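Mind having a look at this structure? Questions to follow.
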Amino acid sequence: MSDDLYREAILDYYKHPRHKGHLAAPDIRSHDHNPFCGDEVTVELKVVDGIVVDAAFDGHGCAISQATASMLMEEILGKTMEEIRAFDKEYILEMLGIEIGPVRLKCALLPLKVLKAGAYGLEEWPE
Amino acid sequence: MSDDLYREAILDYYKHPRHKGHLAAPDIRSHDHNPFCGDEVTVELKVVDGIVVDAAFDGHGCAISQATASMLMEEILGKTMEEIRAFDKEYILEMLGIEIGPVRLKCALLPLKVLKAGAYGLEEWPE
Amino acid sequence: METMGPMRIAENLLSDQTAALRQDFPILGRVLPQGQPLVYLDNAASSQKPAAVLQAMETYYRQYNANVHRGVHTLSEEATTAFEAARAKVARFIHAPTPRQIIFTRGATESINLVAYSWGRANLGPGDEVLITAMEHHANIVPWQILQEQLGFTLRHVPITPTGTLDLSQLEKVLTERTRLFCFVHVSNVVGTVNPVQQLVTAARAVGARVLIDAAQSVPHMPVDVQALDADFLVFSSHKMCGPTGIGVLYGKRELLESMPPFLGGGDMIREVTLQGSRWNTIPYKFEAGTPAIAEAIGLGAAVDYLTQVGMEWVHAHERALTAYAYARMAEVEGLQILGPGPEARGGLVAFTLKDVHPHDIAAILDRSGVAVRAGHHCAQPLHTELGVQASARASFYLYNTVEEVDALVAALHKTRQLFAGQKG
Amino acid sequence: METMGPMRIAENLLSDQTAALRQDFPILGRVLPQGQPLVYLDNAASSQKPAAVLQAMETYYRQYNANVHRGVHTLSEEATTAFEAARAKVARFIHAPTPRQIIFTRGATESINLVAYSWGRANLGPGDEVLITAMEHHANIVPWQILQEQLGFTLRHVPITPTGTLDLSQLEKVLTERTRLFCFVHVSNVVGTVNPVQQLVTAARAVGARVLIDAAQSVPHMPVDVQALDADFLVFSSHKMCGPTGIGVLYGKRELLESMPPFLGGGDMIREVTLQGSRWNTIPYKFEAGTPAIAEAIGLGAAVDYLTQVGMEWVHAHERALTAYAYARMAEVEGLQILGPGPEARGGLVAFTLKDVHPHDIAAILDRSGVAVRAGHHCAQPLHTELGVQASARASFYLYNTVEEVDALVAALHKTRQLFAGQKG
C-alpha cells in the first residue's frame, strides 16, 4: 500500500540498516541534521574515476530518515558523481515508494541533502 | 432627541461660543489636546476664596469639544474648586444631554480633562 | 479627464460587475442603527471581507486547526500545507521570485519595524542617513525616529509641494552619498498621490541607497510587481486588501533577507538552541518567531485568490473611474477643499476639508446618513502640518463601491453644509 | 494519588460534562482521511476553538468590521467598543488591576521579545544578569541571547534535576545581586512541571530582581491571578486557550509599563508626530503600533468568556484527573519512559520516549489511528539535552478530552511497540 509510511521494506531498512558505519578512508564526507526533529545523517563515499565504489552512512533519528539513508547508500553504488548531482526529490520518493506529507518530507530528504552537499563539495546544502 | 450628537443647543454653542477668549489675569491656566483628532482646549480661571468667579476657554476642534468647553465654562461659574474636582464623565454627559460613542467621548471629555488638571495643579490629567 | 463631466464618468463604471461583486461581501447588506444602509467609504483604513475569505478561515478552524511546521499528525500536515500555500499565493500576487521572500508579520507597521530593527541595526550608524518623505504614514516615520535615537544616524525627508506631491526639485539635496535607505510610500493614504517609484528607485540606486516601499495603499488597489519596481523591501497589510486583521507582509530581496540578523527570537526561527547560543533558521522562518498567524495567513491567501479572480486591472480601473467621479461631484460642494493632486493621478481616495466644519463633525454627520468616512490626521500628522491643516475627512473606495454611494456621500455633504450654515463666531 | 488505580481515576472524571462540552467544538466531529475519528491530543501546541469563538469573529467581519480607535462612524465605534471590551475581559480573567495593563501582541513569543527590546534595552548592560531556567521554551531563551549579544549582560540559568524539576539547591548560586530579571516558565510544555512561583518570586524579590512568567501553558489550564503571583510581567498566547491564532498577551505592572520606552513605532502608539520627533501615547497603546489584530482580540475575548463559563477550576480538575489516568495507563506500555515528575505535580500533558522508536515515528504511527500527538523537541531543545534525550513524543490534554481518548492513545502505543518489535540492528 503506497500511502503507508511504514511499509515493511522501510521498517526493515530501519531495523536492519545496510551500509551503516564508516569507511576506512573516505574521499568525501558530509554531515547535516534536521533542526526540527534532531535527525542526523553522515555520509561517506569512496570515489574512483568519478564513480562511487563504496558508501556508508551513520546517524540517528526517525525510521524515515535512517531507512532512506540506508536505501540511498545501496542506490548510489556504481553511480557517477554527475548522476548523483542530478538526484532530486522525485528520485527519493520513487525509491521509497510512498506518499509523504510536508513535515516528514524533511526527514526523507535529509540523506539526499547530505549526499548532494558532499557531491558538490558544499558545507551545507542550501534549502 | 437625546441620541443626537448635533442637537440644536450644541451646534449653537459651537457657532456662538460663550466664554471664549482669555482672562486678564487668570489664577489658573491649563491646556491639553487630543492627539487623535487635534482638538485643543485652554481653560483660564479666576478664583476667589476657592470659588470660580470668572472662566474662559480658547481652542479649536470639533463641535463637540468646543461646545462642551463653552457649556462647561458657564457651568463652573460660582462653583467651588472642590466641586470642580469632583466632576466626572457622567456630569459632562448629563450636561450635554446626549449619548456618545467611545471615540467622540474623548472629544467631549477633553475640556473636563483640562479643567481638572487645572483644578489639581497638574501638568496633564492622567488618562 | 478634465473635460469629462461626472455623468460621462459614471457611465463608464462597470456597475453590473460591481453589483455582482457586492453579493460577495456579507457586510454590505447591513442596515445601521440609524436605519440607513451602510455606505462604507473607509476602505483605506480597513477593507471589508468577501465570504470566501471568512469561509477559508472557518474551514481551517472547523476542519484542520493545528499548529504548523512541527507537527507530524494529519491536522498539522494539512495546516502546514495550507499555510505555506498561502505564502506562495502572496508571492505570486506581487511577483516575488520565491515564496521564501514573503515574511508574515502583523501588518505593514510591523514589517517596517522589522526592517528597522534587523537591517537597520546591522547597517546604520553615525554619519549614515535614512531618507523618508513628508507624506509618510506614521508607520514609516516613527520606527526610524526610534532607531535614530539608538543608532545616531540622521533622518531626513523629501518635502512636498502644496498640492501634496513630492517636491522632486529638492531630491538631490536630501538623497546623498550618505543615504543608506530611502523609505517612501507608493500611494499616499491622505493625498492619494501615486509616487513615481521608478524615478525614485533610480535616484536611490545612483547613490547606492536601498529602498523600502510602503505599499499598504497600492497592493490592495493595483497590480504591483516587486521585481518590476526593483524594490529592496516592500510592505503591506492584509486587512486593507479583503484579508483578515492580524497579518501583513514584508517582501525583501533574497540576499538582503539572508544577510540580515533575526528580529524576534523564539520557536521556529532557530535551527538549533543550546543554553550557550543558537543558530538561525533559513528565510522566511528566521523572521517568524513563535506560532504564526495561521488562520490569518490562510485568509490572506483566500483574499489574494479573490482579488486575482476579480482582476487587479479591473479593480484599479474601477477605482480610478469612481474617484474621478467623486472628485468632480465633491468639488461642487460649497466650501469643500480637496487635498492633493487632481483625479488623473491619484489612488482611490479623496481627503478633504469643509469650511468651518471640523472633520470629526463631518464624519459624525455623514454617519447619520449611513456614510462611513474617516476623520483626523489618518496617521499622517506631518503631512497635514505641511499642508497647513489640522485634520481632514477622507472617503476611500474599493472594488465594491458604486456611483450611487458617491451620490449618497455628496448628498450627505450638502446636508452637513446646511447644518453648520451661519457664521461661526 | 499513588494508590489510586487508573479505573478509580477514570470514574472520577465528570464525563457527562465533557460530553456536553465536546458539542461546542465543531472540529471534534471530524473524521480523518484514514477513516478514524480525530483524537486530538496536541493541545499544548494549539487548542481547538469552540463555535462561540468562531461566531464572535464572524459577527465582527459580517456586521461591524472596521478599523478601531480613529474612526467616528458607527462600524468603527462598534469595533472599538468590542475590541476594548475584549481587553477588559482578558484583564478580569487573569485578575489584572486594570485593562490598560493588557497589551495585545501576536503571542507569548512576541510578548517576551517586547519586554526584551523595551525593558531590556532600558535596564540591562554589562555587569547585569538575566536568569532563565534550563526548562524554558525557546521563546524564553532566544530573545535573551539576541539581546545579550547587543547589550553585553550575562545570561545564566537554573539547572534542572533528572526528573525535570528546577534544581532549587542551585538557585542561590545563579540568582544574585546582579540579577535584574528572572524569567521562568509557570508550567513546562515538556515535562509538565508546575514551578513554585511563589518561592521563585520571593527569591527574586530578595535580590531586587524583576520576574517574567511564561504562562503560555498555565493561563489556558488553571486559574491564574497575576496579582496573587505578584508577576512583574506575564505572557501567554490566545491559540492555546480556545482563542484564535495571531494574538497573545503581555501583562505588566503598571509603573513598569509606563516607564518603558516603546517597542514598535507607528500609528496608534503616538500622541503626536512631527518630522522632528514624536511623543508616545499612554499604555496599553504605547505598545500597540499599527492596526491591531481586531477580530482576534474579539475572538480571544469570547474564548475567555467561554472558559470562564466552563470554570477554570473545573478545567484544571478535569485535566489533572485525565493526566493521572494517562500517566498510569501509559506507564504500562513496554519500553515507554515518561519525562518529568509524577502525576500529582504536573500540568495536563505527558511527554515520553519509547525504546528504539523515534518520536517522529511514534507520532506518525499514532496518526494512523487518528491520535494526534506531537513529536520533536517541542521548542525546548536545551531541556531535552539536559535530560539526555534527542526528542520526545507528547500527549497534551484539554477540557474536551476524555478517558476513551486516552484509551485510544494507549492502544495505539501498544500497536507502535508491536510494529517496531524485533531488535534494531
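By written order: A, B, C and D. Residues from 1 in each chain.
Going forward, a contact is a pair of C-beta atoms (placed from the backbone, for glycine too) under 8 Å apart; a residue touches a chain by one contact, two chains touch by 3 or more.
Keep in mind the model is a prediction, meaning the values are calculated, not measured.
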Name the chain pair with more contacting C-beta pairs, choosing from B-D and A-D.
A-D
Give, as an integer number of Å, the spacing between the C-alpha centres of chain D and chain B.
46
Quick one: report the Å distance separating chain B from chain C, using the average Cα coordinate of each chain.
37
Geometric centre distance via CA averages, chain D-chain C, whole Å:
32
Residues of chain B that touch two or more other chains sit at 36, 104
Residues of chain D touching 2+ other chains?
70-72, 76, 270, 272, 360, 364, 375-376
Can you name every pair of chains that touch?
A-C, A-D, B-C, B-D, C-D
So in the complex, which bits of chain D are touching chain B?
69-72, 76-77, 80-81, 84, 270-272, 279, 281-282
Name, in rising order, each residue of chain D that touches chain A in their complex.
357-361, 364-365, 375-377, 390-391, 419-420, 422-425
Touching residues on chain C, where the partner in the complex is chain D
26-27, 30, 32-34, 38, 40, 42, 45-46, 48-49, 54, 57-58, 61-67, 70-76, 106-110, 112-113, 116-117, 121, 134, 137-139, 141-146, 150, 157, 237, 239, 244-247, 261-262, 264-270, 272-275, 277-278, 289-296, 360, 363-364, 366-367, 371-376, 378-379, 381-382, 385
In the complex, the residues of chain B that touch chain C are 5-6, 11, 14-17, 36-39, 60-64, 104, 107
Please name which positions on chain A make contact with chain C in the complex.
35-36, 101-104, 126-127
